[in-house]
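All chains are identified by letter, namely A, B and C, in their written order; residue positions are counted from 1 within each chain.
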Amino acid sequence: MTDIPIRPSIRRRHEAIGGKLVSRLTIALSLLVGIALFFLYQRFVYGLGAVTNINNGYPWGIWVVWDVIIATGFACGGYAMALLVYILNRGEFHPMIRSALTASVFGYSLGGLSVLIDLGRYWNFWHILSPSYFNPGSVMFEVAACITLYIVVLWIEWFPTFLEWLGTRGIQKAFERMLFVFIGLGVLLPSMHQSSLGSLLIAMGYQVHPLWQTPFLPILFLMTALCMGYAVVIFEATLAAVGFARDVREELPLLEKLGKVVASVLLMFMVLRFADIIDRGQTGRLTEGNLQTAMFWIETVLFAFPIAAFSFGSGQSRMSRLFPAAASMLAGAVLYRIDAFLVAYNSPTHWHYFPSAPEILVTLGVIAIEVLAYIVFVKKFPILPGHEYR
Amino acid sequence: MPASQQNFDEIEQRYGVSRREFMAFCTGIAATMGLANSAAAQVAEAITKKERPSVIWLHHQECTGCTESMLRAEHPTLEKLILDVISLDYHETLFAAAGHQIEAARKAAQEKNKGKYLLVVEGAIPMKDGGIYCKIGGQTSLELTREAAAGAAAIIALGSCASWGGMPSTPPNPTGSVGVAEALGRKDILSIPGCPSNPYNFLACVVHFLTFGKLPPLDSQGRPLFAYSRLIHENCERRAHFDAGRFALEFGDEGHRKGYCLYKLGCKGPETYANCSIVQFGDVGMQSWPVGMGHPCIGCSEKGIGFTKPIHALADLKNQRPPVGYARVNEEQGTGLNSAGVAVVSGVVGAAVGAGAMLTKKLSALEGSQKSGENRQE
Amino acid sequence: MSCNRRDFMRGGLGGAAAAAACATLGASPAEARENKKVPGNAIGLLYDSTLCIGCKACMSACKTTNELPLDDNVGGKLWDTPFELSGKTYTVIKVYQDGTSVNKDQVKDGFAHIKRQCLHCIDPSCVSVCPVKAMTKNPETGIVSYNADACIGCRYCVAACPFHVPQFQYDTPFPRIAKCQLCKEELAKGDIPACAKVCPTGATLFGSYNALSKEIERRKDMKPGEANVFPRRTVDSGDTYERAAAHYTEEVYGAKALGGTQVRYLAGVPFDKFDLPVGLPERSYASQSESMQEALYSGLTVPAAAFAGLMLAAYFGTKNLHDDEEG
């Protein structure tokens, strides 16, 4: 590896950061989890309608759009970093992969679990994995099967961390040598289902607003998934810097590079999106005075800001520039997915949907579980790159 | 001027009815016409008048069913009452007299009460071949009617036959039967169609004439609005079944036995204007009308329906605006923006933006300190 | 050497990515799946809005036959008053109204009825999108039916149906999808669908797809106002009555849009007045979606090739890292 400069200082092993588990933050998060559990009890006893506002005009609410479609997007850090490190052979990013992977493990596992909350007939979920029920033409089948498989793959990819914690260095080494199969899968499966999350909308045809409905949906979704993956790594690194009082100066150049990757992918995304809108003759929609058009432009602004922020400027205030840019990128991607599935979904039968408070609180609870688990794991397991503490 | 005590005493003597029963009758008649309660006094006043108006009652092509049903009206001593309220100067069914005697009586009454008497016509008038298909005393129906109509204060066409031709005019209509209005070419004729017509509609009209000296308001076909402005369907006792989609499919089937709507058996209620579903027939209690008995309405009072359209044929729903309770094509459903949801979302978004801003600030501060730290190290 | 290796790997990956990209765009029309064809013994319904008197006999019979509960939207639990299809309602008569609404089947100051129910698409989206084959189309009769035992309750069918037909039950912990299955149990008994059986005017008419096509043509050829014979229950039941033909709009709903449907509508007012989607393309969304999936995943060749490339890349990628770590 002569052509890739690697700083020796960040080639250190991963470390558990330790510290107390009970803090104001974790108590607050547990409270949110408790509230969510109460509403989940209602959901399972009285049905979906008792807690959510979803209806037959909007059968998919935030439990699908946030907990699965957006949450797995957020959990693309592992995928995006694996692609960068193992496939594109950017070894310099290797130290960051484990934290990204940990976030992915929780993101996807909880995404998968919250699917069970949302499924009306959850006790039949195993049909997704039973060949006699397979409907290969269904995008949903592909998404469900892929995500389920990927969750397993993610845990396998994460397993060395556990082995390292156990201290069984020999087994860990041996395990890591055969890990390439799962890394291959770990890049393939998200590419498949993250693009398919976009394909889900294609069968909905005219019901999805023309600013979002396009044959390019799979590619657009894949691009945002990648960007979300890198943005989340930047986001988490900066959060960890403040939250765990870690010195991340040595990671900064890498985060800057990730930012550049986000900016270029995002730029391609924007070019493709606008070219497609022009190609389909839907430019008139860009100037209409309705909610959809407004949301489209908000998305565009949220995407444009990180392109500028990641591409230009460097030097002193790097983190305070990277962080808002990553946050803006994530907000844009969140909005893109919410818009595509909810705002752009035009119900012809005059239905309305806005999530109910209990519905949102359940989603917050799921997020809280995710954050809690992440905090516990980074404190107990060797996940974050080893560093000196300030 | 209210009916005096003396009048009531007289009535009790004359008709053998109590004062209470009499006032109930008057109020009932007023109610049939849709008049206010206070009109009952006027009605009583008119009925107790000593001078009773002359009535000439002609029969043409008909079955006398209207007269018969009139006679069977069962309110207390009604036929006595009506026969004593008016001076019936000519009625072929009820008169003991016959032949030239009765014709003379008619002519005399026409002459004596010229311009004041009430002409009631029962039966259709044949027009074909000079109207030779119905003659009384050597005169055709048309001649008789013309003669009687000339001096009449008002003309009432009783029953479907007199109103629009009725059963005799059923295609192919061999005698060229028409109703009175068409035969005379007049529009001011009150018609009370029905086969038979409902006696209370007739009585109400007569009493209206006696009370106010004119006929009640009429529709374009000369029918009194108080009785014929609504479809039978609108007040049908089985309407709830129609709205709920419960139908008898055949005579005697489960739906028929359960009293479901008779539309599919050919009920003409939805295209027939009459008050049968409210006033009913024969005074034998509830449901005493065809639909109540389980037979579909045949639309006997409606020109072009009764005796024309097959009984089993489906009715067209006339003037039938969709009921308010029907689902519109664009019913608004679901819960849109709700305060609790919006509050939580704005709370979360606000917290996220706030935390983001704070973090950015903190990061700037951190960078500042790290930078100074670097400087120190250097 | 490492350079060569990396170049090789990148080349392989690029190739796989390019192949995936081409497949995603999907779209060479030659290999795309066509719309499905009408099944051999297809049956269906014809709903003629001009004959419908809005008596709701079909709704009532549907509830009785399918043992569906009351759908009360006005309170009091006295009446079945569904606003739309719902978890408790397979069919609903809705009304278009304008102004004084006194003229039947007229746009201005008029009104007209429409029957909402499953149209039994020839190429149904719900069947295409269902991940577990809970929605199936009978290859003989073309009835689109639902199997609750297979269903996982993901509601993709609810979201994807272009006519908003499948309805999910939100008010029970053990929900199902509710939708018209053309009274398949009644058909098995030799009977006909309940709504067609009770319709007093033959506005809902049952028959084979082809017989109904002929009936549609016959009605379109009628002169408005002229007396014509209309069958009830089924096209050839012999139970007929005479009435004046109404004026029909040009469009036959369900004839072509999205590959056509086995339940078709005739009406006197344009179908957009009924809030039904109009101007839909003739190519079914199911075929579009499946073509894309097939191009990407048919025989799993593209994913397998990509997997091979990725695995190879990952092998060398991790090897380098381990070497580095050990070295």
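Here, a contact is a pair of C-beta atoms (placed from the backbone, for glycine too) under 8 Å apart; a residue touches a chain by one contact, two chains touch by 3 or more.
Note that the structure is a prediction, hence the values are computed from the model and not measured.
On a Cα centroid basis, the chain most remote from chain C in this structure is B.
Of all chain pairs, the one joined by the greatest number of contacting C-beta pairs is A-C.
Distances from each chain's CA mean to the overall CA mean are smallest for chain C.
Between chain B and chain C the centroid-to-centroid distance comes to 47 Å (mean Cα coordinates, whole Å).
Separation between the centroids of chain A and chain B, computed from CA atoms only, is 71 Å. With centres set at the average Cα position, the gap from chain A to chain C is 33 Å. In chain A, the residues that reach two or more other chains under the touch definition are 55-57, 349-350. The set of chain C residues that touch two or more partner chains comprises 84, 275.
In chain B, 330-331, 333 are the positions where the chain touches two or more neighbouring chains simultaneously. Chain contact summary for the complex, chain B toward chain C: residues 242-247, 249, 261, 263-264, 270, 313-314, 316-317, 319-322, 325-331, 333.
Contact residues on chain A toward chain B in their complex (touch as defined above): 53, 55-58, 238-239, 241-242, 247, 249, 316-320, 323-324, 327, 349-357, 359-361, 364. Remark: chain C residues 2-3, 6, 9-10, 13, 20-21, 24-27, 84-87, 125, 128-133, 148-156, 158-160, 162, 164, 167-176, 258, 275-277, 280-281, 285-286, 288-290, 292-294, 296-297, 303, 306-307, 310-322, 324-325 touch chain A in the complex. Across the complex, chain C meets chain B through its residues 53-61, 74, 79-84, 92-97, 100-102, 104, 111, 113-114, 198, 200-201, 241-243, 273-275. The part of chain A that touches chain C in the complex is made up of residues 1-3, 6, 11, 44-50, 52, 54-57, 59-60, 82, 85-89, 91, 94, 119-122, 124-125, 127-128, 133-142, 144, 173, 176-177, 179-181, 183-185, 187-188, 191-192, 195, 199-200, 202-207, 215-216, 218-219, 345, 347-350.
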